[in-house]
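Before I ask anything, let me first share the structure, which is written out below as structure tokens.
In this document, chain identifiers A, B, C, D and E correspond to the written order of the chains, with residue numbering beginning at 1 in each.
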């Protein structure tokens, strides 16, 4: 076993124990330790990715002395390592972006607990990505739920954050309840908890036709449970409140990464556990496709009506999640590749927009209303540029990241060539226009001179500028030289089986 | 050849523009200058009787070029135009004294002459269309000379009608270039000579239909200038508002340009044999006969003198078109004879009306009772002209009508053969109706109100008298004119 | 239908699950929602626990060296239940803490009212 | 005199006039009169728009209140519908599931067979479930204890009274001061105190017994920890915070949970690392039935026990007073 | 050669970008104007040099986006036509803008964006594949927004927003259409005759045609096809150099150029001719021609009137392009060039009237002909040429279009011919109405308040005169131009 192969497991343990260590440290030391943990995880995942790309096939890491069906196991492939490095990298950048907000919003004695939550959250995300066992997945889904709700609740001084947390927690618990009962029924009819074994017995069941109805109910439960957790269209009511009222770095992490963790688990379950042909037979992909289309349209329409910049960005996340579910809904391999690409693109762009929004709040007296942040783009130049780059990438202008994922989504839709193609193309075109309809007026507000001159409350911290520079660099990198990343994702999907 | 072209087209245009110079602000000097120009132009016209053949002046694009041609029809209309412009020019020197900004009138007067000469000399469809458009553009300021509200809107309407007519002609041009081949005028018709097998073969039916549509478009388009039915509405509005000398030129000569254009298209492009007994001919004949009837009935009803004359010229020009539509030598000669007769007669009538308006201080036909005694010479000329127009034998009008009727009876295109002459006779009666009233009211009725009407000056009366004598001479010795137009039998 | 009576544990568990699920969805009172959540979780653990039971076998603690498969029931579900219970405890604690915090601030437990109050409070 | 709007109308009438061939008059305009007429028309249009906007907003307000009642009724009907539908679907599923207690269920496959038959040899634990959760599927339990830890952290964030950096208590809205908790109960209730003095050691001893015998008999870290936690809560109830502060403060909670979780993680990392890389981990399993047997399970049980106990007690104090 | 082209694209953008950095103050306006003019002249020289020394497929690749998509620039025959048009007209527009922008203000911003748009349009002309084209098409929208919203008052911002929404909607639909090509075409490059691989299309011919229609209406937004023409008249609120150059020449011609590229170089005329897609294109073009002219005749605001006339003239070009044969393309190219010159001259005259007399409505320019002879002289020449009177440039392109329409033999071709004729009459109507009103005021009209208006300074007059002379020259010597264009259309260059 090559040393590099241990890195995924070590990164999970490091982040888990990191959370515990942070709880005892002081606020600023906790910050340093958390940076150390996240950078080491990032470096580890990149090395693992290099290793897996070189070997060209995914390997299984046995946790403990006993092989798979008995002991736990994590499976490390190209796609998993890409997602891992993406999650840790973006987590690091979002933290740096919103650092001074964290210390403003939390009590001095409790700011170290924020870093505990963040490291535990990254541990759960990594576990979700790597795990090869359903029940381990459920446990880390629970950690993820509590950690993300705690991230929103950290600004408990404002009533709206508390209310948002409660609504978010109840909706998530509904989702995990359905997910757990799904696992139980699946365990009952297949007798296994490990994904490979389940896959074999499910295919056998599918051929023989026994337990057909329970199997389809399991598929429904899984998709509904994870759809609720990842704010798919009909269950997205909690998202604007949660992401709109959390602190800057929390909203970046939540909308950039947490939603994607659940979607990645959904892809893993659909693709590896139950198998695409059965999913196709069960029509589950059509339901997700329709949810995706509605999300794209109605999410953007709601975003247009918003008067508050952060809630507008939250609604735009609902729309972007719609894009991803559209990709999954297509059901073909190209569709899932496009969905993964969009996960990466949205993970790069949305945190940048939230950090920029944080910068605007600094220069306009801490308010998020459009009326107050008029001309903020001129006062804080770097956030202004970051916002423009983010908006352009969301609209899908060439040279920016958004364009690449839109291209692959459209080609995937065209290759599918059925009634879904026309619906998908229409939805893509309309939602591009609707995206423009709320990003452009926002930019206009940000860049017209305000009537009254706003006091400059907070000199921008170096960390935030660094994170914004890296974000913009990443966006252009993904926009212009996306070919290697795309090949890696496609190779990962092929290997994912 | 090039010298004559410049002389006929470019010379009047340049002199026209020169009239704007301050040196010609003084009336007398300017009148002399214009008179000499018109005289020179008439001499040039006579010179070009010796010329023959055609040449390309300028290549606009691969199949578009400015081409000029000297042939019988062109020469005949040149002569007509030159003569009429000269007479009306002299008449206008005195008539314009009571109008304002005279230099501008003479500028556009000479420019229109240049354009008209261009139309007569045009050698292919494109040049014809080009000068046709220029003529309508340059003659428009003549109409709005008095610059009252009515005149401006009438001018706009005149312009738009002629531009629409010209664009229909352009449509015909496109169809012809695609389906017909080269658009240079060839006596006897391009289609008739080259593609005679078109009439027979069936699979070229589509091409034949296209050509027929093209012909009909051109006829209706250029017919607008000749006051034919669908696009005649501008004539009755434009003429009353224009100064008398302008309307004399307009209805006397510029309508003949429309006739020439149709003749070029029908006889020199499509060829009479191609169009003979096709739906185009029948539709055309139907339009002509309706115009003739409508023109004369409206003229009969009209009270304003100039408007009545305008309606009468609408119907008389359709006489000429009726001759063209006959597509045989007889009716063609009748048409050309009537063209000459009508332009002379109509000029006399308009000049008479002008002098009545200027010196008789009345515009309405029912208010000229007893003026004849005060203005004997004017009314004498008017009576002679109206007799000629109605077709009384010794005068010029009779011969042309005779040729027209015989031509249509010989060709007898199913029921049009006999319907044509009947309509002509009815309209001749109506013409008598609305023209004789002028002479009767003028001479036999007594004048109720005492008005200081007096006889027109010498400059106004001389051209009227000359034209009346011409009408008489041509009436008595018609073969003078028929020699001019013996090119006709090569065409039909 | 008969199968329902044979698996009467699962039937009861499923009914309680649905009732818990709907109370959590339906009710406007926060405490009732939490009670609904506990209903739901306990029902799932009941469902999971009875999956492992095998007729006529004892709990999986090796007594006097007997290690044959037929002697003991399936240990996996009970292990999962143990983990599940701890999850429910911690989530309930978190929910109750949130409810206390909301009550101190808005003096009501009705989630709709709280939402209205929080909107009014801010602008 | 015609203003621009009439002129436009006239424009179209021009088309009709052309048919009957006579056009009376055209547009008459004198120098600037048209200019201000046009601007007059423009701001008239603006006033009209303003009035329309006011009307629309009042309409929306009305719809909102009406919408509320309608929303209430429909929400209730909708949720009953959801409940009934869910019951029907799940009952349908249950009716097709393998029957209860049947030995040939798919769940009783080679996985549970190995746990039972070779569980003792491989983990050394007599209680196979303990062996399973702390050795075979140890990663779940690791995650499990961190769930408990993160719940404790969030409750701490929410309910713990905030002390400013200078140590003074920062007044936060709604959290009452220290003395409030004893408002209704009698202080130093004699009966309770004497009974606690008797029972407290018994309960703690029993709790420790359960933790230590986790791998031999039923019980284990989680249940034992709960018992010890309950004992602590009883003690606090009886003797109040000042007495418990002597041996149990926020720091002890912090450091005890830190120590136990870190040792748990380190032990498990060692065993996973050796397992994954097929190295022999020299942990003696001891002979089954003895306390010091079954390798790492005992220390793990102790750590889990400590974490659970501290967390239970912290929950109680946080809900009670928001401070230790 | 290809570096030269890159310099030609990059130079104006850099030159424009660093204009605001030089902080020209109000006082030294003439030095800033000279700076801008020199920049434009150098670029035009570079472009013309490029055009005359071009040898095709010497492409210059900037970036390789993905395996199928890359940013490549290459001058070919069709782009030469567009390049010549903009190279000639842009310096004239900048010269004209010198005096005009004096009373508009914010000249630094104006000239910098003006130059940048120049660079982007050159890039657009020389882009060698569809993705580069789409990218620059989007940049063009962004670069022109500040120009449209120059006045920054309420109406300008509303117009700017409307223009932006239309363009983004168009770009989005076009993008979806392009994706059909990515999937069903062999490559995205512009190759005469199209790059669809028919094997892969097989039965789904209708799907591809649906894609083409999407692209047509996507790019049609910028070419102001009927349902999406709304933004052009409302963009009239921008200063005249903007409306003249962008909304008569650069932006709308970019739309038409895009449709030419897509039809003849991506989907392939052979594939499209005779299909239902072609009949949709032709019917929309015919309707827009008539619709544009009727609206123009009814419209009283000078600029809006000529905006509607641009809408109808653009559909002339689309009619030619819609013929799907070399002759149609040649007619379309001719009209693109000639209409550009005519329309920019007319807009300049209207601009002079609006700048000097602050009058915007047709009834208000009574009797100005005598007071401002040169302006209205050029205006008359422009209107003569626009309504297609022979001996002027307009007639040549109209004749070419007419013959192409008729020779295509399609029933819609004849409908196109009728639309052409009707719109010619309406053009004559709404242009000569102004000429007559200017030169022949009604009888009782007192000209005392017109005394203070007079012809503009030489900067404004020279472009007018140059353009009128150009129009007459082309009118008289159209042969070489038409032969060149037909060779380009047959792809022999």
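Following the convention adopted for this analysis, contacts are C-beta pairs under 8 Å (C-beta built on N, C-alpha and C of every residue); 3 or more make two chains touch, one makes a residue touch a chain.
Note that the structure is predicted; figures quoted are calculated from it, not measured.
**Q** Smallest number of touch links from chain C to reach chain E?
**A** The fewest steps needed to get from chain C to chain E is 2.
**Q** Which chain wins if you rank chains by how close their C-alpha centre is to the centre of all protein C-alpha atoms?
**A** Smallest offset from the overall C-alpha mean is found for E.
**Q** Going by average Cα coordinates, which chain is farthest removed from chain E?
**A** For chain E, the chain whose C-alpha mean is farthest off is C.
**Q** Among the chains here, which has the CA centroid at the largest distance from chain B's centroid?
**A** Most distant chain from chain B: C.
**Q** Could you grab the centroid distance between chain A and chain B? Build each centroid from C-alpha atoms only and quote it in angstrom.
**A** 85
**Q** Starting from the mean Cα coordinates of chain B and chain D, work out the distance between those two points in Å.
**A** Comparing mean C-alpha positions, chain D is 99 Å from chain B.
**Q** Please compute the C-alpha centroid of chain B, do the same for chain E, then give the distance between them in whole Å.
**A** 43
**Q** Quick one: report the Å distance separating chain B from chain C, using the average Cα coordinate of each chain.
**A** Centres of chain B and chain C (C-alpha means) sit 105 Å apart.
**Q** Quick check on chain B: which residues sit in contact with 2+ other chains?
**A** Touching at least two other chains: 149, 152.
**Q** Two-or-more-chain contact residues of chain E, please, as numbers and ranges.
**A** 442
**Q** Could you list which residues of chain D touch at least two other chains?
**A** 28, 90, 93, 96-97, 105, 107-108, 111, 115, 137, 140, 144, 147, 150-151, 154, 158
**Q** State the interface residues of chain D toward chain C in the complex, per the touch definition above.
**A** By the definition above, chain D touches chain C via 75-76, 79-80, 82-83, 86-87, 90-91, 93-97, 99-103, 105, 107-108, 111-113, 115-120, 126-129, 132-133, 137, 140-141, 144-145, 147-148, 150-152, 154-155, 158-159, 173-175, 217-218, 222, 288, 315, 318-319.
**Q** Can you list the residues on chain A that touch chain E in the complex?
**A** Those in contact with chain E are residues 395-399, 404, 406-407, 410-411, 414-415, 417, 421, 425, 428-430, 432-433, 436-437, 440-441, 444, 480-483, 486.
**Q** Using the touch rule from the top, collect the residues of chain C that touch chain A in their complex.
**A** It is residues 17, 21, 24-25, 30, 33, 37, 40-41, 44, 47-48, 51, 76-77, 80, 83-84, 87, 90-91, 94-95, 98-99, 101-102, 105-106, 111, 114-115, 117-119, 121-122 of chain C that touch chain A.
**Q** What part of chain A is in contact with chain C in the complex they form?
**A** So the residues of chain A in touch with chain C come to 135, 139, 142, 145-146, 149-150, 153, 156, 158-160, 162-163, 165-167, 169-170, 173-174, 177, 180-181, 184, 187-188, 193.
**Q** In the complex of these two chains, what residues of chain C are touching chain D?
**A** Those residues of chain C that touch chain D are 1, 3-4, 6-11, 14-15, 17-19, 21-22, 25-26, 50-55, 59-62, 67-72, 74-79, 82-83, 85-87, 89-91, 93-94, 96-98, 100-101, 104-105.
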